[in-house]
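The same chain A turns up in both complexes below, where it pairs with chain B and then with chain C.
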Partner chain A sequence: MNVVVCHDLTKQYGRSKAIQNMNCQIAENKITGLIGRNGAGKTTLLKIIAGYLHHSSGDIQVFSENPFNNLKISANTIFIDNEMSFSQGLTLNELLETAGSFYPNWNHDLALKLFDYFSFNPNQYHGNLSKGMKSTFNMIVGLAARCPLTIMDEPTSGMDSATRKDFYRALLKEYIAYPRTIILSSHLLDEVEDLLEEVLLIKSGEKCLHLSIDQLKEYAIGVRGKTVNVETWTEKMELISMQEIGANMSYAVIRNDRSIKELEDARQLGLEVTSVSAEDICSYLTSKTKGGIDDVFSRG
Partner chain B sequence: MLLNADSMKPIYVQISEWLENEILNESISADEKIYSQYQLAEMFNVNPATAGKGINLLADDNVLYKKRGLGMFVAADARKIILGKRKSSKLHSLVTELAQEAVQLQVEEEELVTMIRDMHQRIKEEQS
Partner chain C sequence: MYLAEVKAWDIVKKQYRYKLKSYFGVFTSLIVIQLLAILFSFNGTGSGSGSSNSLQYDFYYYTSDIILIFMMIWAFITAIIITTRAYRYDDFSLVTNRTISQVSNILFLLTASIFAGITVYLSTHLFQILAFYFKDNYSIIVDSLTVTEFVMGMITSILYIFLFACAGYLVGILIQLHKGFLLIIPTVLFGGLILDGIGGDPRFFVNITMFFGEETSFILFFCKIALVSSMLLLASLGISNRMEVRK
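Moving on, here comes the complex of A and B:
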């Protein structure tokens, strides 16, 4: 079953389109990573799914209903980001108790244990927390709510690396114990890829790829060697990226669909064939030029 | 398969190889239940779907068999299957790599064979 179904979804802010004709489905009880560059439309898409924003055209269904202004959706969904506003008049402890009354599956025991583990002071106020502590507190609320649809927008921003690792492990353990649909947006794919089952990659408000993480890792290969040879070998192939990496040396990224014979030819030409990490594939696919940042600095 | 860097192996392949090693060194014996995909997911900090793929890889090779409702168990001839598989694929690719490297370093056939023989003997002695 699909928890989220988007059909030609578009969101316009004034004249600019943040989301353009997006068609995608997010399957139940999977952890999906929403990956994209800054300004690709990740947050807008998540806010539409959570029912925070109204879309401009097209159709969106969450648990088979339109999420905007919808009580059923808001009771079953939690949206965690670093702009979450909590009451200034309540202490952290009171906030946890209040949050519990909103969500039917809320696990207060888990919330308190995590709260202790990360050494929060129950009498402190949310507004006085540091950026990393805020993210950590929000994450605790997100996990303890045990919502069937849990959306986390850059949940680790500001967290130190030990806290991030703890968070990912807590998320995984919670997911195994209580499977739910989780959408995680991040620009650090390297860090989250082991946790994910699927990746939805978006570029300028449009869907770029939607694959399982294993398929994504095998999506492309890189070839490195003398520029002339790289160019000869890739002549009839569609390039994902081509970079000069030194004097007469080039690195090209292509789809991983070459025959054994072709790869053997590459070896004969002295080219080195390598795998490309999921994170690199995503940045090449969402890059606006084929040469990357080097184009800016190239002479002539 | 064509990618040689070992660390570049997909995680599910690494998990299935880890399970194979557990079977080879008899940490898990024949007809014993193997770790569930959820246990593996926790052990390796990966998505349960990825761990499940690692298990399925071994089920496809008949190293594991399924008991309905009970989980996956080690096949009686699991060790034999794994050893055969390793010989034909892993050893073969290691030898190819070794030979290529030797040619590049202009190591003659005699010298290479001596090196392999010496190392083989040393390891066997160390184990006995």
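Moving on, here comes the complex of A and C:
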């Protein structure tokens, strides 16, 4: 069953389109990573799914209902981001209790244990927390709410590396114990790739790729060698990226669909064929130019 | 994981309880403002003097008018404050939709108005006692009210305060809809008053005051306030349905 189904989804702010003709399905009880560059429309898409924003055209269904301003979706979805606002009049402890009274599946025991583990002071106020502490607190609320659809938008921003690792572990343990649909957005695929089952890559408001993480890791290969040789070998292929890496040396990234013979040819031309990490594939696929940042600085 | 079904009314109650707890600061400001109002009322809200052959007298009225007016302004401002972004977004970190959020806001404003109305009555007594002790009065005449009169007086105060809260709520929602209203509303209001007064015979403001103030039947007065308040609130509900839930 698909929890989220988007069909030709478009969201417009004035003239600019934040989301364009998005078609995607997010399957139930999987951890999906929403990956994209800054401004690719990740947050907008997540807010539409959470029912905060109204889409401009197309169709979106969450649990087979339109999520916008929908009470059932609100009760079964939790949206965690670092702008999450909590009342200034309640202490952290009271906030946890309040959240517990709202969410039907809330696990207060877990909330308190995590609260203790990350050494929060129960009498503090949410507004006085540091950025990383806020993210950690929001994460506790997100995990303890045990909502069938848990959306986390850049959940680790501001957290230190130890807390991040703890968070990913906590997320995984919770997910295994109580499977639910989790959508996690992040710029840092490296950090989350062990956690994810699926990756939805978006580029300027459009869907770029939707693959399982294993497929993504084998999506492309890199070829390194003398520029002339790289250029002749890749002449008839579609390049994902091409960079100069030194005097007369180049590095090209192409789809991983070459025959054994072609790869043999490459070896004979003195080219080195390497695998490309999932993170690099995503950044090559979403980069605006083929040469990357080097194009900006290249003279001539 | 199964999907939970929630009942709208249950969530309204939970949001209402959450708001009573988290907007507690509103009640603190109420007390401070009442103390201020008592201070302002201390010289009497009206006074006069007279004399006959061998007798010279001054008299002062001590009424709760100023306290009531302060409470009306307080209700107006409180209502605007709870429509601001920070307060609206608080609701959406928890389970809600817009209608529930609004209904619980209105219930909160009603509760706050009732609390304010009751305290207006109580603080009147406080400052009458203070006036008795601290001013050189020779004689104090206190209106004695029957229970019905007392209840009616209190309900009237509550209704006036609630009316202002509703007006403030609509103003707040309009400002949230478009920041331009921050400029338009005062301009229209004060501009209208000035234009109205230019002819030397102001009618607009007077008519509005008379519509409520001159009503002698309590039932009709109640109906008038209920009607106007619900119109203001319906307008707020209608307008807020045009906005995004959370940006």
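By definition in this document, the second predicted complex is superposed on the first by the 300 of 300 C-alpha atoms of A that agree within 3 Å, B and C clash if a C-alpha of one lies under 4 Å from a C-alpha of the other, contacts with A are read in each partner's own complex, and residues count from 1 in each chain.
The working rule: a residue touches a chain if its C-beta (ideal position, glycine included) is under 8 Å from a C-beta of that chain, and two chains touch if they have at least 3 such contacts.
All of these numbers come straight from a predicted model, not from anything done at the bench.
Visitor: Taking chain A as the common reference, can chain B and chain C both be placed on it without clashing, or not? Answer clash or fit.
Guide: Result for chain B and chain C: fit.
Visitor: Contact-wise, after the overlay, does A:Y178 reach chain B, chain C, both or neither (first, second, both, neither)?
Guide: The second partner, chain C, only.
Visitor: Nearest 10 degrees is fine: what angle do the Cα centroids of chain B and chain C make about that of chain A?
Guide: Once the structures are overlaid on A, chain A sees chain B and chain C at 150 degrees.
Visitor: Using the touch definition from the top, say if A:H55 reaches chain B (first), chain C (second), both or neither.
Guide: In the superposed model, A:H55 contacts neither chain B nor chain C.
Visitor: Does chain B (first) or chain C (second) touch A:R169, or do both, or does neither?
Guide: Only chain B; A:R169 stays clear of chain C.
Visitor: Quick one: is A:V273 in contact with chain B, with chain C, with both, or with neither? Answer first, second, both or neither.
Guide: After superposition on chain A, A:V273 lies in contact with chain B alone.
Visitor: Given the touch rule stated above, what does A:I260 touch, chain B (first), chain C (second), both, or neither?
Guide: Only chain B; A:I260 stays clear of chain C.
Visitor: Does the superposition put A:K134 against chain B (first), chain C (second), both, or neither?
Guide: After superposition on chain A, A:K134 lies in contact with neither partner.
Visitor: Looking at A:K42, would you say it contacts chain B, chain C, both, or neither? Reply first, second, both or neither.
Guide: In the superposition, A:K42 touches no partner, neither chain B nor chain C.
Visitor: Look across chain B and chain C in the superposition and give the shortest C-alpha distance you find, in Å.
Guide: 17
Visitor: In their complex, what parts of chain C are in touch with chain A?
Guide: Interface residues on chain C, with respect to chain A: 1-6, 8, 11, 14, 18, 21-25, 86, 89-90, 92-98, 100, 244-247.
Visitor: Flag every residue of chain A that touches chain C in the complex, lowest number first.
Guide: For this pair, the touching residues of chain A are 29, 47, 51-54, 63, 68-72, 74-76, 83-90, 94, 98-99, 101-105, 141, 146, 148, 178-180.
Visitor: Show which residues of chain A lie in contact with chain B when the two form their complex.
Guide: Residue list for chain A touching chain B: 30-31, 168-169, 172-173, 175-176, 194-197, 212-214, 217-218, 221, 260, 263, 273-275.
Visitor: In their complex, what parts of chain B are in touch with chain A?
Guide: Against chain A, chain B makes touches at 2-3, 5, 8, 10-12, 38, 41-42, 44-50, 53.
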